[in-house]
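In order of appearance the chains are A, B, C, D, E and F, and numbering begins at 1 in each one.
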Amino acid sequence: MQRFDGRAADELRPFKITKYFQKYPAGSVLMEIGNTKVICAATVEDRVPVFQRGTGVGWLRAEYSLLPSATATRTARESARGKQTGRTQEIQRLIGRSLRSVLDLEALGERTVILDCDVIQADGGTRTASVTGSFVALVLALDSVIPKDKTFPVKDFISAVSVGISNSGEPILDLCYEEDSSAIVDMNVVMTGNGEFIEVQGTGEGRPFKRDELNTLLALGEKGNNELISYIKDSLGSELDWRIGSVK
Amino acid sequence: MQRFDGRAADELRPFKITKYFQKYPAGSVLMEIGNTKVICAATVEDRVPVFQRGTGVGWLRAEYSLLPSATATRTARESARGKQTGRTQEIQRLIGRSLRSVLDLEALGERTVILDCDVIQADGGTRTASVTGSFVALVLALDSVIPKDKTFPVKDFISAVSVGISNSGEPILDLCYEEDSSAIVDMNVVMTGNGEFIEVQGTGEGRPFKRDELNTLLALGEKGNNELISYIKDSLGSELDWRIGSVK
Amino acid sequence: MQRFDGRAADELRPFKITKYFQKYPAGSVLMEIGNTKVICAATVEDRVPVFQRGTGVGWLRAEYSLLPSATATRTARESARGKQTGRTQEIQRLIGRSLRSVLDLEALGERTVILDCDVIQADGGTRTASVTGSFVALVLALDSVIPKDKTFPVKDFISAVSVGISNSGEPILDLCYEEDSSAIVDMNVVMTGNGEFIEVQGTGEGRPFKRDELNTLLALGEKGNNELISYIKDSLGSELDWRIGSVK
Amino acid sequence: MQRFDGRAADELRPFKITKYFQKYPAGSVLMEIGNTKVICAATVEDRVPVFQRGTGVGWLRAEYSLLPSATATRTARESARGKQTGRTQEIQRLIGRSLRSVLDLEALGERTVILDCDVIQADGGTRTASVTGSFVALVLALDSVIPKDKTFPVKDFISAVSVGISNSGEPILDLCYEEDSSAIVDMNVVMTGNGEFIEVQGTGEGRPFKRDELNTLLALGEKGNNELISYIKDSLGSELDWRIGSVK
Amino acid sequence: MQRFDGRAADELRPFKITKYFQKYPAGSVLMEIGNTKVICAATVEDRVPVFQRGTGVGWLRAEYSLLPSATATRTARESARGKQTGRTQEIQRLIGRSLRSVLDLEALGERTVILDCDVIQADGGTRTASVTGSFVALVLALDSVIPKDKTFPVKDFISAVSVGISNSGEPILDLCYEEDSSAIVDMNVVMTGNGEFIEVQGTGEGRPFKRDELNTLLALGEKGNNELISYIKDSLGSELDWRIGSVK
Amino acid sequence: MQRFDGRAADELRPFKITKYFQKYPAGSVLMEIGNTKVICAATVEDRVPVFQRGTGVGWLRAEYSLLPSATATRTARESARGKQTGRTQEIQRLIGRSLRSVLDLEALGERTVILDCDVIQADGGTRTASVTGSFVALVLALDSVIPKDKTFPVKDFISAVSVGISNSGEPILDLCYEEDSSAIVDMNVVMTGNGEFIEVQGTGEGRPFKRDELNTLLALGEKGNNELISYIKDSLGSELDWRIGSVK
């Protein structure tokens, strides 16, 4: 079966990560996958929330936003509405949780890393693209902040993809918007560099799903994440690859 | 290995669902599991959001709140802060999504069901207790609203449990607060009456998890949900059991 | 004349105070009077608002909320609306003011007591039930915090009842919802253990009221409060009764 | 005993009501009593809240605000804080309730009257000055809107004063700021033209108060309100005096 | 051509500044120009925003508000809406920026001056009246705070007027509401005591404007500001006039 | 004198407008000038605000936002703060006012155009870049919506530049961030295709400015706007150039 855009069921859309996309933040990338485009920027502040002061331990949080013009129908601006939607908050929490899982908060020291994920164009998979792009922005930012002779606070690679069961019942990798909005089952899979899971979130939108369907989806997620992490390693280059997970 | 409170690894805490707990709502229960206590109430309104008017189709949404006094350390009241936290919004979305997955919105007609989940005491697992209790409140409410000769809009049973990997590395079922706050992996599993998945949400809080650990956790989730659904069927009685999933 | 629910004009509804209703707060009760049910919990924090730091003096404030499912027609959740209604704020101020009037803020020291009044079911008189229940929760909480050899910061007993003039012109004690919503005059009376007034709030909703009607209502209020305070004294027991008002 | 500003215990401060103080509203006055100055304006809108449409019945509500510069220490602007304080809401509710008690909502028809009370200078008694001033603004506004051959919707006169027990234990009428902030008992009394009560709100701030103290305070309130209503009748003139309470 | 109210094209409406209008603020005036009336009050606080502490430098900001009853059609109260409109914020920024331009923040020291501009009646030109009135309130406030032997932090006089091109194409000075709402071009001109510009804001509302029209408008603005500053100098008197701009 | 970045005093930074930058909005561009980059997108909705329904007349409004990562120091996200800053509102109003001045709201019909200006990178002049970029996005959007045989609602070209007096006293065109933050006088000039003014906003930040300085700044603004409009005409091409200002 061919998909909407001609891809095979287990095929990622073309993707690209442009490093140092912005001038000011410590780390920033443009993450593109298909028509989805997200600017991910990492800012490092030399302070932590009040409840953590004096602990020697850092923190990381993420913020996510859609440009109003990023979606097929214009999305109302959250700053004009005066609050963030539940969807936004759910996504911010996912990104933050995922990145913290590979961050050594003690090696980070009393610093706060803020990951800003701003979606310029949304064609499905913006939350997983945000996780993947943020990871690269985080590594770039910390590389500029953490001296070479110190333990690098990033312990492992991570990336994320969406998988799902299409409305024709087929398990597919990396759903675009049309596929996502009609999918029967929708799942996000965040994984580490050596193939373990950080986060698995699957929802039966149209009907419940069986154990073996779940297994098929996880296998698709593994395949997609392998490709992304391989790309990220190349993109970061051997020196940064070597810093990740090294302890001093 | 024995757990904190003497349970076996695959053992639920004692639980009880008290039906018709409140006087006014169409359906309401007190859901208790261990020291966790949640009032779940279902209100049925004869109108739908603006964007659905005239479609003949209904809607369901959930609201979740902790009493400030429900937690070990007092939780600030969200109405006083002026907004709901990201955690609250994430949980509300999970409850709503889970219940909508077994709700026939066309058979419901142009009505809105609101599920209010108010946690009186929180000792772990409040979101899964809310899903389970809300399901029963929903059935009671719709039973009082939908005539006997019409298709009953609830298509299947659902229940939810938490599972996780304890800080000593053991997979366990139904985490209490102490277990939850130190767990390495944390997962919520929402399932239907015939053992299929509605929602699987697993997070590696302390470290990533492997495929076979995920399998073990899912098996624990199945065991727990089987027990809950069996209890719910008894509790609702054969007449209501018979209405669920029947089509006229 | 017999009332809606068969009571005499000067008769309270059946009432009960269940102490230590919740596991976590320093003091908590379930206050029931007729179908009205309020959870009152007292939390003691070892800090005071900024403007009071270093003064050696404490503070007490109250928060009040209706569960959405507590009322005949569902009440919109204030955290979802983003703010508290004027009614909520008015009630919170009444509860706080009433309890502070018998609290020795110097004996309390630099602590803040927060009284959370969460109405589980509302059938009239929720604000007076909140004052009465909060008083007991406050005493339980301070008994657990203030050493036996220190001045106990509660100087006197208080309780509160509603009184009013029914739509048939009769002065009545402890109005249920049906009576309250049609009353011509509505009054709340907060009193101390020796029969003095803390707060008197009377409003002519349907028509103005005369001086002798006011006197009749105050007499009903005295009768109701006498019964409540007598019950509270029994409920707290002689040891706690003895602490209240004692100075070291 | 002489008071802070030389008045007798039962003496009002000098007061004055300037009618038609503003150019645009249907009715407006400047209410001055001592150094307290409140602009009260009544706007009449030809529509009612959604839930009242088609009922033929009108509504009245009040809004109250302090200019930041009205108080001894600058008061933060509520629009900058993003919400109204509990004190503001409590006062708005008191003003609205008091005026509605003498308003015939059916004779008003499907109109909304909004009373804006903006305190230019606050030296005690701003809420009672707001009630009194609003009453006059209301009468002026309705006189310009309701034809002479129709029932005038204002059924009776009202006015309001504060009374209290000073820190030296003496019952006094019309407290200025210094007296109010140190008073042991504080009470607001809203009365009609023929000496009946609309609202009585008394609070023991420093200690509880006895029945006979309450009686003394009510007598002071009656004296003060008699003087205010006599002034209002003169100020409105015989034609408007005659319209109030007349039925066609 | 004669204007709406009989004025010549280059004629200000009658204006008056009443000093010390309120009892409490360090400086306050009632600024009247035509039917426009604004209370301007200056409060001086002995602290600065967090980011300025320890710098020895002060700050000034302005707040602006319309009484709901100030306008031809009642304006909704911003504190009830929960936020300030864009118009309000734009005006506050203009007032603050204008006054800061003649304020020596180092001579002020670590103090914050807050200018409250509350419009009692709005008949056009409220923002320029606010600038002019605030200037006088500022001088009065600082005169009471800054010792005679210290550098006075106000470096120069300022005043502001509106100018515009009427719907009949004529350049006019000091637009009233009717003129303002139909003007083709609208401009605000803030100037110093020796005829230089602090702020020029011109907008082509109905059509673009040419360079020579701009010149004509600026000339009108100069004429109006000359008259206002001459009045202010008289009003402040020679002693204060002498303090402004003097350096110790 | 040479500037910070080597430009002449009357020289614009390199600029570029990339049309059709996003996939979904009716019109969108990336506006770049120096390091300042703004995405401007125009959405056309087939409805108008409530107060305009049935009038046959349309509306246009603008929204402006900085990505948190766009600035040298990270800017807090307005949706997380819960409100837009005064600066944001001021800029939104400027953009909307400028574009409405060349929009024929009757020819637009009952439609609303929303201009979203999202700043990706901020190096001075973001508000003028937003006006210029929005104009092009507006033309592209309306070209896709308005049939060729109807009056095109855009009546004229507009563009905007910043000008100012540098801290060394020299009048300069198109200030970058370093120049802007230290400028003595700051001015924004919005002009039409035939050299008339839409908006002139000049502020003496460091000192007042004289009439002849204002003239010099306006001349610089004319030069810069001429170059921008010439570029825009080329960029839009002759067909669109021809539509602007044409009446059917």
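In this text, contacts are C-beta pairs under 8 Å (C-beta built on N, C-alpha and C of every residue); 3 or more make two chains touch, one makes a residue touch a chain.
Bear in mind that the values here come from a model prediction, so they are computed numbers and not experimental data.
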Partner chains shared by subunit A and subunit E (touch criterion as defined above): F
Set of chains adjacent to subunit A and to subunit F: none
Centroid-based (C-alpha) most distant chain relative to subunit E: B
Same-interface partner of B-C, chosen from the options A-F, C-D or A-B, over half of the pairs matching: A-F
Approximate Å spacing (C-alpha centroids) for the pair subunit C, subunit F: 60
Centre-to-centre distance between subunit F and subunit B (centres being mean Cα positions), rounded to whole Å: 51
Subunit E and subunit F: spacing of chain centres that average the CA atoms, whole Å: 28
Residues within subunit C bordering two or more other chains: 82-83
Successive chains around the closed ring, taking subunit A as origin and subunit F next: A, F, E, D, C, B
Residues of subunit D defined as touching subunit E within the complex: 22-25, 28, 35, 39, 41, 43, 45, 63, 65, 67-74, 77-84, 88, 114, 116, 118, 120-121, 123
Contacting residues of subunit F [partner subunit E, same complex]: 83, 85-87, 89-90, 92-93, 97, 101, 156, 191-192, 196-205, 207-211, 214, 218
